[in-house]
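First the structure, which I've put down as structure tokens, then a few questions once you've had a look.
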């Protein structure tokens, strides 16, 4: 068992635990924290795969911005424990089995039986960050610019939504 | 046994380095508090601490003890887990940040092992630093939320909003440097700055940006934006709204006492140090010396500065009131003087020359960091705290646009100079 | 040589359309001046464009047929109906008449309609009419022509019912529309037959294909005969021939300029145009020609007789229009298409003039239309009087005015075509007599004799020059309009026919030799003039010398008189025979049974079904987002299964 | 090296857990978080594929996904704030005006 594999299993285990916790916790803050754990673990996995840049962005944007935003909103709205209502019968009875079925089928599909599980995978991509940047600013330049527009729109939308209309 | 050591040398060395670094940083933190109190006191024409030890030099130790032995109450109705998690988070993150900071270029060679002056030197050091800074919001925010108290909550809200806002400016202001350095690795960034035009060291720094590539766009604006938003990131005056004592008692750590409070404390000061280091590395050429390499004297400046300083300490000690001071200070002073003299001898003795070579960059690095730390304290001593809306205005309407403009101009200049 | 205008022939019809759209959409709150500007510019420039196009056609292309396909409109299998416009001698005349007279009448209308409501509406419709009329005359295939055909129908409907608050007006509009539909139905059938036979509806191809076919003699009902008769039905509808003329008199409910433009000068001549346009087909069928001729002649006489007793100034003109149209068909019937077109043109001039003058009179009388309440106006409104007099002389066929030449040539052709006995000719002659009689009756009743209206209520005033200007222009045209076709004995030569000859070719060469032809023509002309004179004198005698006479005559011939007054009870007959049963059928069967029971029933049934289904299915729409979430999950699962079905099967296989 | 399947499996599990949370949580914010979780799972798959294929396209797409997620968070949280303001509740089952 190579150290890399060990690290992988540790991180993966943490991630799954975090995800589970996200489901099980009653209070949004705790869910948020567990989600942060998941994200950090994923960042670690990215590092493990040699996707340093993505890892950093993952933490900076997801961990540092989005989740902070979530927590901020939770604090702002002072959201308490979630009430345990069960108005939706279908969710109450069929929800869990269906979701689990989805998980199972996904898992079954990604791990194809009969195929060599220890299949050779690429080593770390050299100079990934540089490649990403060239790709972003050459091949994907228009989508990239479009995303900036998207962000702009999102900002405006958030402003319009969240500000109290002045009397 | 030896074999084992040989095999796992890397791990062992790393662990030792970490321990050492922790020790140093914590000590520096402690004395930073002393320094801060002294400076602020003198700014306000007071004496500051001077009872515990000569010039109150043992004050930090006393404070430490106090922190340890104070009662540690946990308020009612707090969210226990988060309440305890917050300080750890804050401290851990701020200490982790130090791991990627390089303090000097050349390694010490011990037992055939090269020991570099950094714990790790990843290619994306800067990104990692920012990642950690980004995460460090949680400590404050969670603390504020978990304490189940209005003041804390407000403090937490403020800090999270503030940190998110200034993170943008912080990141953008650095992009200029990145454009010129073409890398995320801190050591490489420093290396890129070490070629001042005509061998004049400081011209090569990004703040002047007059390196071997000719004059690029000096990052003065970048630096100003960076340092301002860095102060805000570390919740220091004049941006210390999260702990604005006049409005929120003590903000997010109102409900924390004794050691948990100490953790926030240490975290804050460590963050200061990190930021100062970062400023040094990014804009002031890290360990690059001011003077041209060609001069012999350049290599001996640390030693040379040590000698008069030592002499001054001796003089100061001799006219100190307490017996203790009369004894200790001259001794310390003499030690300094002696070391300085011996090292200076290195000009004629080869191995000592090596030592000088080794010390010099570290000296410059620490010197610059010290300047920034002083700046922190100075700002705190002089500037009034901003109002919240002012804070937001500065962050969004001033720093962010300026830093973006800085990026654009820098990029333009680089393109124009054709050093892409 | 470049022919820019021809290459962009579509501009000519487009301009009025733009005018119509602009006025119709935005004109509501515009000042009249602005509306005028739009409408007049639209038509005026269209006229100029037409002139330029004609110039290019004559001098650049040396009168060879110009034809251009601008874009495909309908393409289905072998069938193609494109937006194809063409320009040949016939089109030249039509386009010039339409745009020219149309423009004049637009100018006139600005004065006439000045105080009417719905000013913008009126001009919008008028422009619309111009557009469709131009499409009609420029079209290069029957389908596009039919578009224009229907379009002018629509425009005329809108304009007849312009005062839609007046019931009689809106009724008249409907009547016109419906009667036209009957004709249009025939027209469509004709087109279908033609397409079935020749596989195309494009003029050039169609005529080329039909040329080699054998002629169908008298009494033979072959393809050509049937097709032509069907087309002629349409023409009857549009051009108000027996038995479909009934709508035209009622159409006088519309504003007078409309009557002048649509129901005298242009639209009603569309029928003639179509017949002439498809003369190649008609000449193939003896029977069709005879029918056309007979119907035309009959209508001419018939309408004239009715015209004798009308007292409404516009009605008189309406019937005279009908009878003149009869003349044109008569000409076509005897194969003198050129003459027909010639009369069409001259008639456009003097009949438009008559209507406009009548309009001016009505305007002067403050809306009074009954001639019996007029009289002695000649002093008061000189310009109108003189212009109208000229027009009357023209229509009555006094040399050297336009009417004389055209009518004379028709009669001559008629005479010369038929061997042996000459019923058509004689009826034509008789009609000419009647025409001049009732026209001068109109003149005398209106302008001479003692005034029969109340000075104090009506104060007569000459119309503004915006109305008189067109009158003068048209007067000039109706004087000189005929000279281009001055018959040879007159010393002139027939430019007109020679100009049209490329189209009709040797459609009709005289059965007589040149010399005899001359003498004949001369004598016939003299006879015609004499007839006209008789009519004039009779009118003079009856209405100036002894104003009491007419009443006595009417009394003595009571039955005849009443019949005439009631227009032979045609409307009543139609009402009894067609309208009533139809109404009964529609109300009792179509409406009460089919529409209400079946159609509405079905529709409502479907609606109720939908509601019921909704009631059931909306249970899923619980409004609870978590349920929706579950649905999403189900969907995702389904997608997975569908996409990876092979893999799943493989797995299942692998399991066993 | 870690085989790609492991990563994919992990991502599948995370996604599934995200779905479970999506169905089971009542608090709008938490549901929103579960969506983020699913996005993260997808990202993981992306990166894993990119590493397996030795091309960085996957990572680029991850960046795009992150950007979109950020935008989505901004707007979504705005909406959530509105909901809380208007209905004084974050329980998604009480936000059911869409019902017929």
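Per-chain numbering from 1; labels A, B, C and D assigned in written order.
Here, a residue touches a chain if its C-beta (ideal position, glycine included) is under 8 Å from a C-beta of that chain, and two chains touch if they have at least 3 such contacts.
Since the structure is predicted, the reported quantities are computational estimates derived from the model, not experimental observations.
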Intersection of contact partners for subunit A and subunit C: D
By mean Cα position, the chain sitting nearest the middle: D
Chain pair with the greatest number of C-beta contact pairs: A-D
Centroid spacing, where centroids are CA-atom means, of subunit B and subunit D in whole angstrom: 37
Centre-to-centre distance between subunit D and subunit C (centres being mean Cα positions), rounded to whole Å: 72
Distance between chain centroids, defined by C-alpha means - subunit B, subunit C (Å): 97
Euclidean distance of C-alpha centroids - subunit A vs subunit B, Å: 32
Multi-chain contact residues (two or more partners), subunit C: 622, 624, 626, 629-630, 633, 636
Contacts with 2+ other chains: residues of subunit B: none
Residues of subunit A engaged with two or more neighbouring chains: 53, 57, 65, 69, 74, 76, 87-88, 91, 95, 98-99, 102, 106, 109, 112
Sites on subunit C touched by subunit A in the complex: 622, 624, 626-627, 629-630, 633-634, 636-637, 640-641, 644, 647, 651, 654
Complex interface listing, subunit B residues touching subunit A: 79, 81-82, 85, 122-124, 127-128, 130-131, 133-135, 137-138, 141-142, 144-145, 153, 156-157, 160-161, 163-164, 167, 171, 184
Contacting residues of subunit D [partner subunit C, same complex]: 19, 22-24, 26, 31, 92-93, 95-100
Complex interface listing, subunit A residues touching subunit B: 27, 29-30, 33, 36, 40, 43, 52-53, 56-57, 59-60, 63-65, 68-69, 71-72, 74-76, 129
Subunit D to subunit A touching residues, read off their complex: 1-27, 29-30, 32-34, 36-37, 40, 43-45, 47-48, 50-57, 59-60, 62-64, 66-75, 77-82, 84, 90-91, 93-94, 96
